[in-house]
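Dumping the structure here so I can ask a few things about it.
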Amino acid sequence: MTDQFEPTIIGFTCNWCSYRASDLAGTARMKYAPNVRLIRLMCSGRLDPTFVLRALSDGADGVMITGCHPGECHYIEQNYKALRRYLLLKRVLAGMGIEPERVKLVWASAAEGAKFAAETTAFVEEVRKLGPLSWGKDESQDKHSSFIIQPSSEKEVPA
Amino acid sequence: MKPKFAMYWAASCGGCEIAVLNTHEKILDVDANFDVVFWPVAMDAKYHDVEAMEDGSILLTLFNGGIRNDENEHIAKLLRQKSKILVAFGSCACEGCIPGLANLSPVGDIVHTAFNTLTTDNPNEIYPRTSYDVPEGELHIPTLSRMVRPLEQVVDVDYFMPGCPPESHQIAAVIDLVIKVVKGEAELPPKGSVIGAGDSTVCDECPRARNVKFIKEFKRIQDVAPVDPALCLLEQGIPCNGPATRSGCNARCPQAGAQCIGCYGPAEGVMDYGARLITAFSSVIDANTPEEIDHILDGIPDPTGQVYRFNLAGSLLKANKEAWKVER
Amino acid sequence: MPHMTDERVRAGMTREEDLSLLNEVSMKTAGVSHLEMCIQCGTCGGSCPVAADMDHTPRMLFAMLRAGMREEVLRSNTPWLCVSCYHCVVRCPQEVHIADVMYTLKGMAIHAKLYTDSTAPHFSQTFVGMVETFGRGYELGLATRHYLRHFPLRLPGMMPMGLGMISKGRMAITPKRIKHMDQLTKILDRAKELELTS
Amino acid sequence: MTERVGVYVCHCGSNIAGTVDVVDVANWAAEKLGRQGVIIAREYKFMCSSLGQELIEKDIKELGLTRVVVAACSPHLHEKTFRTAAKNAGLNPYLVELASIREQVSWVHSDKAVATAKAKAVVSGAVSRVIENRPLEEIKVPINPNTLVVGGGIAGIQSALEIANAGFHVYLVEREPSIGGHMAQFDKTFPTLDCSACILTPRMVEAGTHPNITLLTWSEVTNVAGYVGNFHVTIKKKARFINEELCTGCGICQEKCPKKVIDDVYEAGLGYRKAVYTPFAQAVPNFPVMDKENCTYFIKGTCKACEKFCPTGAIDFNQQDEMLHIDVGNIVLATGYDLFDARRVSNYGYGRLPNVFTSLEFERLSNAAGPTAGNIVLRDGKTVPKNVGIIHCVGSRDKNFNNYCSVICCMQGLKFAHLVHERTGATVYNFYIDMRTAYKAYDEFYQRVLEEGTLFVRGKVAEVTDAARNEREKGRLIIQVEDTLAGKQRRIPVDMVILSSGLQPRADAKEVGKLFGISCSMDGWFTEKHPKLDPVATMTEGIYIVGCAQGPKDIPSSVAQGAAASARVLDKILQKEVALEPIKASVDSALCSGCRICNGLCPFNAITFIEDDKVTEINPALCQGCGTCVAACPAGAISGTGFSNEQIIAQIDGLMMKNLEPVEA
Amino acid sequence: MNKYLLYPGCSMDSSAKAYMESLNSIVEPLDLHLEEIEDWNCCGATEYLGINLIPAYSLIARNLALAAKQTDSTRTVVAPCSACYLNLAKADYYMQERPTLGAKVNEALAAGGLEYKAGMLDVRHLIDVLVYDVGLDAIRKAVTHPLSGLKVVPYMGCMLPRPDYQHRWSDHEHPTELDDLLRALGADVIDYPLTTSCCGGHMTQIGPETAFELIHRLVSDADERGAQMMVTVCPMCQMNIDAYQNEMNHFFGTDFHMPILFFTQLMGLAFGKEPGEVGIGVELVSSRNALAHIGVEVPVTQEPAAPRKKDEGLPMPRRWTKHEGKKEAVK
């Protein structure tokens, strides 16, 4: 093991396409980066932005959201709703200083095990490049030690 | 002997204090039923007087304002220790409110902006210091903390009373309730409850007509002319925070023709207020291609500010990534 | 000649298939070539207005690319005959960027000096030389130099046409030059460096 | 109350144990997840074996487990197995959670340490989640024994007949005036060359007269509500302007009608019909319809020739569209295909060069009942072609048009070659990319056409042009193509070109899909539940797809699918009730503010707004459990069983190992 | 007001000067405002792409980068030459489709202090702008001398409607924009199946026999269909069919006389301009007889001088050396 940074990533999959794609990648013994831990939802439309925020605030370095291809949703069109949410969520995250590349939406059909594996590895590499996010790691310290403002000049504040 | 009452003003604008006074004659009930022992804005009292009190001797403390510096933190802990019932009073204490937006920047930047920008004439770059030697000894100026924290992140809180400020009729109702409890006529709600507000959202109290919404364009309210006075504002493309904001204000802003900006915070059981607004706005977008969706989203110029105006410090992420860093 | 046969047989038996060729051409092509998607349907060869003069139809060339026949491909006259009419491009059911692949093959052939007829490569190089000097095309200089080099015997036959063009003011006697030639030169020099490193 | 959780780690032989240290995972879970309620963690060679299941059952009974986590393979494989085991031991099956450490860990990673660490995280996530699981019950609903079949082509007819013959009622709805579909337009059918009408007409008549079939032609489904077993369907029966009670189908009205109209549908634009018409002689039902757009009376207000001559007084100019409401338990969609519009391939000149024909035009041309009485002639109506070129893959296998292979065109091209050869003796060329003649007796037909002397050129035709380059080409159509086997470009002059146009989804397939709550593939065909193992069912229970609506196919396959869907429908009907997964969304009306943001989100119409109470409700029977509304509700008023916020948040925390840290004071 | 940035291309002031003159004659009646891109350079035609990829696209992109600096009132670049149009449009498209190409080209541009963000300009051909922006109605209104009785074949050439990554044209094979425009001028438009077939392009230079074959196909089919003239939108097509027609006739032993004019020349005539104002008379295959059908009298121009004696060559330009450009820069 090298001591390169190993990101921790939470992945969301839909039950019908992308989870099956990950199953297929498994059945085909395709090797991919082990950094993503998956959560199965029924549909990418189930993805509540809270889940992404929770994963990040829990310390995840990235979040991967996967679903059926547009137009192929098991629930007809709910992946479009996931897309809309995702695009707004990314904007909000950008305002929080989080690189947009840390949250990625990937379409993968049940047949695309290879794509799932490749996208996962690519995403891990991308997040690795960005470095750790480690949200709020210093929070506990904050509770005890307050930020001290150092005087930047020797001059006294006029009384 | 009358039960003791305290109220404190931490990092906030003071509007909450005014709101209490706005209860008009109800304020007399406070005086009639409580012994006010500590209320810096209304009466003179010293911290050491409070420090000298017995633990748990104050029945009710309304704490407004977030925790921005070590003084805020000290008093929060002190009042927690001395109070039976500690209420996070108002949006700042509940979720950070407008002062919480400071968490979008590192605190060093904020100090720099305040003391050394174009609008501040500070040629010698003089910054405040945390301690001074004066003839009487060493003087301490409160130290800013890295970020603004709602009261709950510092001490255990019994009840939350949202609003910027809380509506006076709600304050009056809460005062009535506590008096009844004192008299043994009523029970306190379970600890951790939100009081002085509804469980649902602003739409519940909003008289505007609502239909299924399909939005092709978001606009700021000043860019919509004319605004339909009877129709849901979101339906007119105006990002109104009402659908995700706790009820209790009688939909004041939408009734007055302005969009809800979210001061009552999230509805009951919601973990992250911003997430609810993200999902609310994105759910009404009527487009399927990333390009078109992005185009529509361009109509919300500051999405982070839009969904976290009052709630940033109380949200899951609490602050901008930069603000977490200790060093400047 | 038995000697020749031997050599050919040996070459055929020992030659390693150059499987990287397809990828190389693909990577050197502007846009996304889709070359690997070719299904050998022949739409390109059928559409080509000059297919009759080509030694291989574009389709065959793509099959040869796949087979790694580097030298044969780069010696082929096919890319040089391509008139960039884009008929094959819009008709190709697999969206192969055929015309651009032809440009790539020309460049590779020039680089490897494998073209068999120098007319076309020289024309291109002459043209490019003019552009790199003046920043603009210069028809008279180009035509004259080119015909002198490759069709000296045809030059007199072309004279009425050339004279007609000149007399009608349709061919400038002197070249035009852009103002900021130095800027263009810098850009092209940098581009050439980048070309080498990619 | 604290839950009592059991964790079971499967070796799956060496499938998991080869890469994951399963003993370590089990020990770790027992030690580190104790605070979460894990009271026992075991590993076992094959958890799915009967011994493995017994292990779980025994622990549930003896240790009083209230939650079970099995770390093994994908839930799609063995979730049911372990749920059943729990049920047998008296534990609600939905309190079992599977942690996939095979498909997602051991099979896709190689480093044992890394894989073991990930397996622990996955187990940790599952433990946190399972604590938030709630007992659920399957939902049972009764099945209405009536069935709706939409589309009266051969697939729909077959499906309707199978169900009707089993003794159940069928509503067969057809948009056109007659059932029969595309097959009624054909002359011969490959590879046996049966006369299409001869084999189809008896089926049409049977469907038209079957006591268990209500035939609704000239009708369209306009609304579908409900769910499997209990669909409520609205059908618009368009006005025919003919009183069906009185009409005898004598045909006098058609004879007398003075208005001739080009027949774009049945005759593919090659022939004419009247303004009042039955599309063809054997139409079922035999009542004509009046084409309001073209009828002189409707346009000018006078004429009524048909009314004057009708012997039974069946003409009724005042007839109105009628809305029918029916209840059915299952729906079969057999809505068929549209022919690819060959004008889009402008290099083939269809629409510009008169003697370029589409396949459907040629079907009518070669049909004895068609506009030329079966004479194969050029568009001038008299000249018999001496050379005919048949172009395959028109609009198919082409990224500029449709990506897919249309399946039938190769055989269709061969059939045309045979017919041209037989009727005219002309020289026939077939231009193809690949000959695809799979299935019984198909390649034999190819052999037969080869024997007949048809010429085959392997190459996708580049263009059909009338720009001649020499005398031989003058006045003819020149097919320019690379003969890829010869490696040369060829220009072949012919008199007639037939484009073997591909099939494509109906223009309104997307809307129809939406109406019935099923999805379309990227190409636009209806999506089946499983492409191999469940080809006629859809993701929406109780809705089946057959024939070309599901994808391009020939007549034998369409018929087979029609029958297959019927078997599935009969299976459902005979079960009398159906169990639905209890993954559903519901609204807490106390929290719902009636903002109506969720109202536009449900493609299954499960969400309704109660105007009086100003709250939204979700019909659990219609809800498919996707959870989109749960995620969307800005008030947090909608919750979903099986995948609740609490479950997922807990799983996130578990995966991030947050459940290991001590609780903060 | 229709405002555009103009990329004229090298041929517009030499071989296709008739195109430029006639374009200048119609801007005023159609209220077109064309602002020339400052210091534009050659687009490399079809030649540079065949030598070096990145230099070729950098050469093209310099023009885009220059144009991008002039986008105060419009972001549409108009190119009257089909080859220029194709190169500019294609560079813009490929820089987006292959971001690595875009990045490299920009790196090269940076050496000259320029940059171009692909997709920020609309590159369009002159006829596209005339048909779809100005509109056929406005053109019809400007017609004072309809071309009734003039039998023309519209010749679009190949580089205009193809590959058409921006989907601007009605069809790849038989686009109707030129037909519609000529009809709007009142001309008798003949359906011409070869309207987008190739004129031979640079083959006149490198494989004349091949080019003659292609020219022959076009001219003979136009002739067969009774055309009095061909009308084109492309300097290269005009040049090949006009200047090489005589050669082609020699080669095949034929005797075609098929004039070819730019569509803007016919527009000018229809708008009432004099032949001289729209560059008529500089074509080598005279349009005199054809235009007589619509009553336009083309003044007799001086016939080209008789062929010189065989031993006399054409005047030579100054000898060109590879480093000539650099030397000048040093000076």
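Every chain is named by a letter (A, B, C, D and E) in the order it is written, and numbering of its residues begins at 1.
Throughout what follows, a residue touches a chain if its C-beta (ideal position, glycine included) is under 8 Å from a C-beta of that chain, and two chains touch if they have at least 3 such contacts.
Model, not experiment: these values are computed from the prediction.
Q: With centres defined as the mean of C-alpha atoms, identify the chain lying farthest from subunit E.
A: B
Q: Where is the C-beta contact count highest, in terms of which two chains?
A: Counting C-beta pairs in contact for each chain pair, the top pair is C-E.
Q: Centre to centre, by mean C-alpha position, how many angstrom separate subunit A and subunit D?
A: 35
Q: Give, as an integer number of Å, the spacing between the C-alpha centres of subunit E and subunit B.
A: 68
Q: Please report how many Å separate the Cα centroid of subunit A from that of subunit E, as a whole number.
A: 52
Q: Among the residues of subunit D, which are close enough to touch at least two other chains?
A: 347, 463, 601, 631-632, 645, 649
Q: Going by the touch rule set out above, which residues of subunit C reach two or more other chains?
A: Where subunit C meets two or more other chains at a single residue, that happens at 87, 90-91.
Q: List, in ascending order, every residue of subunit A touching at least 2 other chains.
A: In subunit A, the residues touching two or more other chains are 48-50, 54, 77, 81, 85.
Q: Write out all the pairs of touching chains, ordered by chain label.
A: Contacting pairs: A-B, A-D, B-D, C-D, C-E, D-E.
Q: Could you please specify the touching residues of subunit A with respect to subunit D in the complex?
A: Answer in residue numbers: 1, 8, 10, 16, 19-20, 22-23, 25-27, 29-32, 34, 37-43, 45-51, 54-55, 58-60, 69, 71-78, 81-82, 85, 117.
Q: Can you tell me which positions in subunit E touch subunit C when the two form their complex?
A: 10-11, 13-18, 39-42, 44-55, 57-59, 62, 90, 93-94, 97-98, 101, 104-105, 107-114, 158-159, 162-164, 172-173, 196-198, 200-203, 205-208, 210, 213-214, 217, 243-244, 246-247, 250, 281-284, 301-302, 304-305, 307-308, 310, 313-317, 320, 322, 324-326, 328-329
Q: Touching residues of subunit D toward subunit B in the complex: what are they?
A: 590-601, 609, 614, 631-637, 645, 649
Q: Give the list of subunit D residues in touch with subunit C in this complex.
A: Answer in residue numbers: 347, 393, 397-400, 433, 458-463, 480-484, 487-489.
Q: In their complex, what parts of subunit C are in touch with subunit E?
A: Going through subunit C, the ones touching subunit E are 28-32, 49-50, 53, 79-81, 83-87, 89-91, 97, 99-100, 102-104, 106-107, 110, 119-120, 123-125, 127-146, 150-151, 154-165, 167-176, 178-192, 194-195, 198.
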